[in-house]
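Heads up, there are several structures right after this.
You will see two complexes here that share chain A, one where it goes with chain B and one where it goes with chain C.
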Partner chain A sequence: MTTAAAFKKPPKKEEPKLTAVLILDVFDQRFAPIHDSFPCFGTLPICNVPAVNFCLSWLMRTEVKSVMLVVSRLNEKHAQSVRNEWKLAFEELTVVAVDGATSVGDCMREVHNRELITADFMLITNPTSVVSTTLAPQIAEFRKRRRENPDNVMTMVYSNRENPEHFVIGVSSETSKLMLYPAANSLNQLKAEKRDFYEGVDIRRDLTHTGIAFCSRLIATQFSDNFDFVGIDDVVREILSKDDILGMSVHVEVLPTKDRAFCAFDYESLILLNTLLLERWFYPVTPENSDPTRFFSANPRNCYLEEDGDEISIKANTWILNDQCSTVSLGQNATVSYDTVILNSSIGAHTDIAQNSRIVGSIIGANCKIGAGCQIQYAFIGDNVTIPAGTNIQKETIVGRGVVFPKDLPAIHNSAVLKSPINEEKYEKLTSQHIGSVHVAKFRHGGPFWRRAVDGKTFFGVDDEGCSDEEETSDDDDVDDTTRQFHDEVFESMQKTLESENQVMRNLILEINSSKLACNVTMDEVARNVFAAFLKLPHNQQLAPTKDLIKKWRDLFINYYISTPESLRKKTADQQRFEIELKKKCQIQMLLSIEDRTEKDPEFLTRVPHLVHFLFTEELAGEEAILEWHGSIDEEERAELKQKMQPIVDWLEEEEEDEEETDEEEE
Partner chain B sequence: MHEMQGVLLCSGGGTRMPALTHDVQKCLLPIVGVPMFLYPLSSLLRAGITDIKIFVREVIQPILEKEVKKSKLLEKYPANLDYITVSQEDYGTADLLKNHQSKITRDALIVSCDFISDASLIPLVDFFRATNSTLVALIADTCVNAPAPGSKSKKPRASDVMGIVESTGQLVFLCGDDDFDAPILMENTLKTFPSIRLTSKYNDCHVYAVRHKALAQLSRSKHISSFKADFIPHLIEKQFESDSEVKCFAYRLPHENGYVTAHANTIGAYFEVNKAIQKSFARLMEYRGNGKTFNHKVDKISSHESRIEESAQVGKESIIKRSVILDNCRVGEKTKVKESIIARGVAIGNGASVTNSIVCEGAEIGENADITNCIVAKDQKVPAKSKLQNEVVDGVDDGWTDD
Partner chain C sequence: MDPTTEIEELKRMFIFSLRKKYPRDSSSAIATATVHLLRKILNRENPKTMNDLQVSLANHCKRLHAAERSELIIINMGLMISKLARDEVLQKKGGGEPEPLYTLWRDDDETTEKLKTADMKKIKKDLQASIKELTSEIDSSRDCIAIQSTELLFNNDVVMVHSLASSKTMHAFLTHATKSGRKHRVIDIVDEEEQLESAPDFVSPIELYEVASRMPETSKVVLVAAAYFPDGSCLVPAGGHQIALLAKRHCVPVYVLAPFYKLCPFFMTDPDSLHTFRSNQLPFDLSAKSVGLVDCLHPAFDCLQSDLVTLFVSNTSCIIPSHVNRLKEDYYHAQDIADY
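And then the complex of A and B:
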């Protein structure tokens, strides 16, 4: 029926403004060497302005009126000072301190647990994210998608820039839906299926994530449902791998080329961000108007001086006239002497630079002393560092707080120079060595501190590679490599757990889940391989110990094979049905892994009926799953197995009938 | 600048349209009464190619020669045709080219006999020269296609899946939809190209411009037998090697180039192109004339967008719409023929209705019969007053399916 009312505009409903959740810390051990100088990544100075100021400066221009600064408890005071400086710019600016946060995931879980998120929000996972626009078209697009389908849970913002890691994604050219996302251990490759061709998927590595995502509340729920999720990548992989189950989709919004965006994740990109900001690429976000409490003067040739009433002292000829210097930010009372060349760098407050030095593409902290005739190119130098005259610092070096740089330090690639040794318990990926008066830290896997990706490949820890070596030796059939790797990793984790004294199931589950994410295997494969690995344990060569261990590790099996009333209670009826169906499939996979085992170990066959019966009585395998599995056993090839299982099946069926009878009687 | 050599492949068997090709070679299947192969031949001639090799089975070579002569195409576009007879053993297209390599002496424009189009190939040749590429494949997103009559399936599926660098047209993956079975792992591809579009909207029209050098190398590779399944992927892979000189491009046929383009290797496409090509038929095949026209006021026959040959008879008060009626047909009074192909010598009784169907040579359709979405095979008779839908009338009991 068409009435006049149908043509009237619907009453305009004001959409609630997005809340921004800004995570102030970066959880990467790469930044351990500068932790003493800059404990909180958000307040790390870029152009002598705390990085997060740029972020808040553009946030202020967007529709966001309420910002949540999420920070680990240790850095709470930094967050508070940021809050005090910026609270007038927003209607609401709160600090959420998280105890013992070690990942973005931890932060999100805390935020979710405190029920701070009530509606759609903007998640900024990196405090150095800078964009030059208000993001209004992108936010509108996100809202439109949410209205069309509430399951469009997330829109990630990408910028047009070839990313150094050659991280590839597949995006549908028509709907902007994210279709393909690489596995955690191979960022450079994707598997394309037929439907991707039908969808018209663009496979691109000329895009870079800006660290900004518009999310529905469900994203926060995803983090808290999966306590092993570390970053937003894990959520994306989860959503994509369970596309058919969760029915959620992630979209990608690419900023037009006229809008600039950037975010830094290693030293190389920090230096680049520093240069880009000094060159005013992100106008109106510029160094001189991004700090509400300090005054910077902007001068020709992109020179910025911090002023506090006292003039900056300039020795000899004013260096501003020295046209060899450009694109520089100088902190308060920094002194620079004649004939020094500084390009694309930031110099901290009270730092003194003697004559004839050459500084290119570096960030130098406060209160440093740099002698005459030094060569510093592409270095990151913390506070209170002394560099004696005539030192030539190796490119791409990181110098920690308070170091007196030894002139005769041998060149060591991919390292950081520190005053004190690395706390190896806290930073298990790093190691340090005492050389002369300083300590030199390196990554255990040998990769550089300076950049995350080398020649387009991201460096992964040694552990991953170790596994792949073993895998080659144990490869006996054509099973998918990743599945095999997953199986081996689970097996190893189980062995370790078995050897440990207090066999904590929670930890084992964590390990298995992280293997699952790393190898990008499906739920079915997980269910099958977890039990296969379990059966393979040397401990389980007899029936009795197996039974005991199943009882002891009950939590593990509950997690993967049955739906507990607690987990069901939270969900809607549809989801519940789904969950139950899913777990049934998992149980069938478990039984299939038993079937696989009989092939490799004929002796095992005799134990199968007992084991299956035991699983049934322990309620780990349901009646339906057992019957369905039994029906699927090949009568010719596995005749013996089928025969052996027959009595149990008969018994189950009888029982079912009995039950029905009793039901009828009750009625 | 030296000229290209044309290669016209007329040896294909037409395995995807068995219902039509059991007693006639695919290249001789009529499209609006003209053997199919004349269309690609005319495309080559119109592109200014004067040296054309035609691969053909020995038995039908004389027929081809006769048809070419009849068409008078060579009078308008003088060219040197060279027939190369092939034996049944030659298997794939690449095998053919390998075995007769000595005959091809320059860069070649290879055209399959089922490429029916009024588009000009000159821009493709220019593109081939400008990009200095090894291979250029003609792809089109406007290929006419439709569900074949007689089948129940709805929309035709995509026929090719490919990966293209959208900005340049460089080809990074090409595979027939049916041949694509396992997911492909993209790694080398992505190293070379930062952005790739995966798509299924284009059809590979089996028109390829290939460098002579690449063809010469063909003979050295033993396991290449099919052109599309082996040779093209081989060339595409070569692009990803470092310092490789090989470049494969796709020429995306612009919509303003030509009204009609079809790759008539399935019944659906064949059927549809028969109806669609009429717009430019008189221009392409001048020797056939304009066909019969009717004066509605005199005999109340209304014909729209149809081609009716001079020798066909049409009864009064008939309605003919978007159809082809070939020589010596007898169409009764008050019949309705819509969206159909009526082959030579077919008789349609008074008051019959034929919609979206193919009626093959010599068939008869009884009075007041109603046929929709059917194929009536050669010399079959449809009884009067019968009503058929989605069927293949071929005198054999078991139904024929699309796949």
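And then the complex of A and C:
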């Protein structure tokens, strides 16, 4: 009977169509220099077409019938104009304006709070996402997984193409479940264990993220449960790191090579996306048929020209660029001199380019004037910019709106040239400097605007240069960056808490947990580094204050090192055993951090037995843990420590025997 | 809602519905949709004189065509309706039927005057009726073409066809011949490997590179026009030029299926000016290395000069290329073409 039932088709239920949630803004201060020209990232022109138009053009070919445009309140009018242009293409196209949004997370929380999401949805976190297909097989696969197990909460779409920043993930080859995901600060590194390779995890570096994910409602809930989540990546990391608790899983869908998809997140990828679109990789999504209100003609050699709708005749083919120009999009009435070379670029409307210039891989805004003999390679230039004749613009430069480019500007790497100084209160990561008639903006950490930093080394270590002491520099090589960074972050949070008046442990725990997520460290490392950071606090250089503080911060230590009866009660017997075992390991890690400390601070050694004894009496370190730890101390290198601990160990063992004896006597 | 915004919305809906379809809808469906759209627009605009009607139709068609450059059908439909309106006016007013030989010239002054003063309200009903006739003619054109297959294909013919998968008219043409008992073989040239398996039973699929070796055994070539022009040239799906050249070399007749709505009244033989290119064909993972360095051309159409075509199979009859110019007179008015 069961087999017969299995062969029968399941009753055909009409699956509700996916709703698309499209976020129109990016929240990256990298784009602050072009904010004047293009306040809303969704309307940033790529090939002279607002980027979101590409996204909506493929979206209308998919099964999606209703789209939510989520935008921050400041950019609401841009979203409304997009809506007016496109509302006829969808059954429902709504604008959700979010007050004071600073991240994708904020947007999702607002959408969730207004209860706008009622079923599974397609989340497009980047308005520049472009796909050449209808994604029908991928959506079907997502539905199948959801039917099989409701805990398969998310499917992320990747395209089959090597990505410029060598982003890497680990995917199970059988189930295409996402197994490994890089930490936020080093997208091109993964921490894989031996076990992963036995279990058939493919480490894939040949994939490009598309900004598209099919999600269940739970994903939106995740955002509102964790108010510190910034992007979808945080949710992914949370799900992966709490695999055993949440029981949810994320899958990865890789498009076949004949399907193309891409999205832009920094200037380099914007230029790349521009070229890919001009080269017609995403057909049927092409520059000439993606804008509902404007008219483009496509010509051989991938040249595109925007035309005025009233003056088009089917025979006129008046526009001829010289043979050296290819893959170019020209805006309306842009004038280009006959001997100018333009490759892989977009030129805005009414822009005037004089003779003998060379423009490669750039996006140039509207109403610009470019003098004769200029060299512009890989630059992003806003509207109304004037570039005098003979200027050589350095590669990977960003020029803001209205700048008159000074010819004698000294070459400065990783910078943006602006007309007015940057608002440093609004963009706290940036700083600007007045040079001649212009302002030059930089990232405080010195990183480039042009491309996203992917390895943690370029990003961190600059902020806390002042407070770094010899300890940091003498750190062992095997302590890797993420762990050290986690340690530093925890240390900072503890210092802040110590300085605050009402030292609320709940907040500290939250901060430590978010650092843990951000750095993607294991529970063991958390246990070890939390206590190490604690011992490093200047407050704890004497025994008495340390003891006081441990008592005062008891909640913190209970959270990380002890399993309380309340937390145990909720769980099954198996989970209880697991939990107790886990906490014992954490306690050992705590003791190991004490051991580490003795190495760096010989004076500390004298306080160790007292501290350990105190921890034991406070029930923060269990007997088993102490004994196990003591057994592991190296007798030669750490002889002194071992010796110092011996009395306590003896006492503990004695007590144990006593207990046993009393037990026996009682029996 | 005020009529102009309503018309704009109708037009935008139409463009969206075209762009939503990939692969593209059949040409007859697009032609019918265009006629419906133009009929609705005329209903809302209510042009007072013939001149108004001509100008407004031309403007709407220009803009619609500018948005979708490859759809010449949009222009064709606009001009056809314009001609229908002219005929209605002249019938009412009683103007002299223009002599076929002189149709390259403009109307005489008397007729022009009549057209200017004519009250379009009176002919509105008749115009609606003739527009309806036009749609039914479009609908029936596929069957009309299919019926002619018995006159063109005979027993023991070996017929080479192209783009069978994308053209319903071609499919109808071949099935009709098979059903009426013709015993011929069909060789289908497919563009993609996947289509090798999905081809219908009565054909043996080959790829484009095999055409030269199979041409000697072929007795007929049948292609589908995307558009054809008064000088007898036509646009066929890319690859057709090579096939037609080979056919000429082996003296094999080339028939081009050409329903009337694909007859474009302009001399336009440069396929580049149609602005139709397809996708970049390389696999996407290559783009990481090739981007910005490789120019990959993939035009949608080939242009066939009139000497490569033996017969156009239109819905009324088979015509030789040099007679297409005469066929144009049946559907378009010289004045409309000149003013467009």
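Descriptive notes on the structure:
Keep this in mind: the second predicted complex is superposed on the first by the 438 of 667 C-alpha atoms of A that agree within 3 Å, B and C clash if a C-alpha of one lies under 4 Å from a C-alpha of the other, contacts with A are read in each partner's own complex, and residues count from 1 in each chain.
As a working rule, a contact is a pair of C-beta atoms (placed from the backbone, for glycine too) under 8 Å apart; a residue touches a chain by one contact, two chains touch by 3 or more.
Bear in mind that the values here come from a model prediction, so they are computed numbers and not experimental data.
After overlaying the two complexes on the shared chain, residue contacts for A:D206 are found with chain B and with chain C alike. When both complexes are overlaid on chain A, the residue A:D259 reaches chain C alone and has no touch with chain B.
Of the two partner chains placed around the shared chain by superposition, chain B and chain C are both touched by A:E162. The partner of chain A that touches more of its residues, comparing chain B with chain C, is C.
Looking at the shared chain after the overlay, A:L190 reaches chain B, while chain C stays out of its contact range.
In the superposition on chain A, A:E288 makes contact with chain C only, not with chain B. In the superposition on chain A, contact of A:M60 is made with chain C only, not with chain B. Comparing the two interfaces of chain A, the one with chain B and the one with chain C have residues 162, 206 in common. Within the complex, the chain A residues that touch chain C are 57, 60-61, 88-89, 132, 134, 159-164, 206, 255, 257-260, 272, 275-276, 279-284, 286, 288-289, 292, 295, 297-302, 307, 309-310, 312-315, 317, 326-327, 343-344, 361. The part of chain C that touches chain A in the complex is made up of residues 9, 12-13, 15-16, 19-20, 22, 62-63, 65-69, 72, 75, 266, 268, 270, 272-273, 275-280, 283-285, 287-288, 291-292, 295-298. Taken together, the chain B residues at the contact with chain A in this complex read 158, 161-163, 166, 177, 180, 183-187, 190-191, 194-201.
Looking at the complex, you find that chain A touches chain B at residues 162, 166, 168, 170, 173, 188-194, 196-206, 456.
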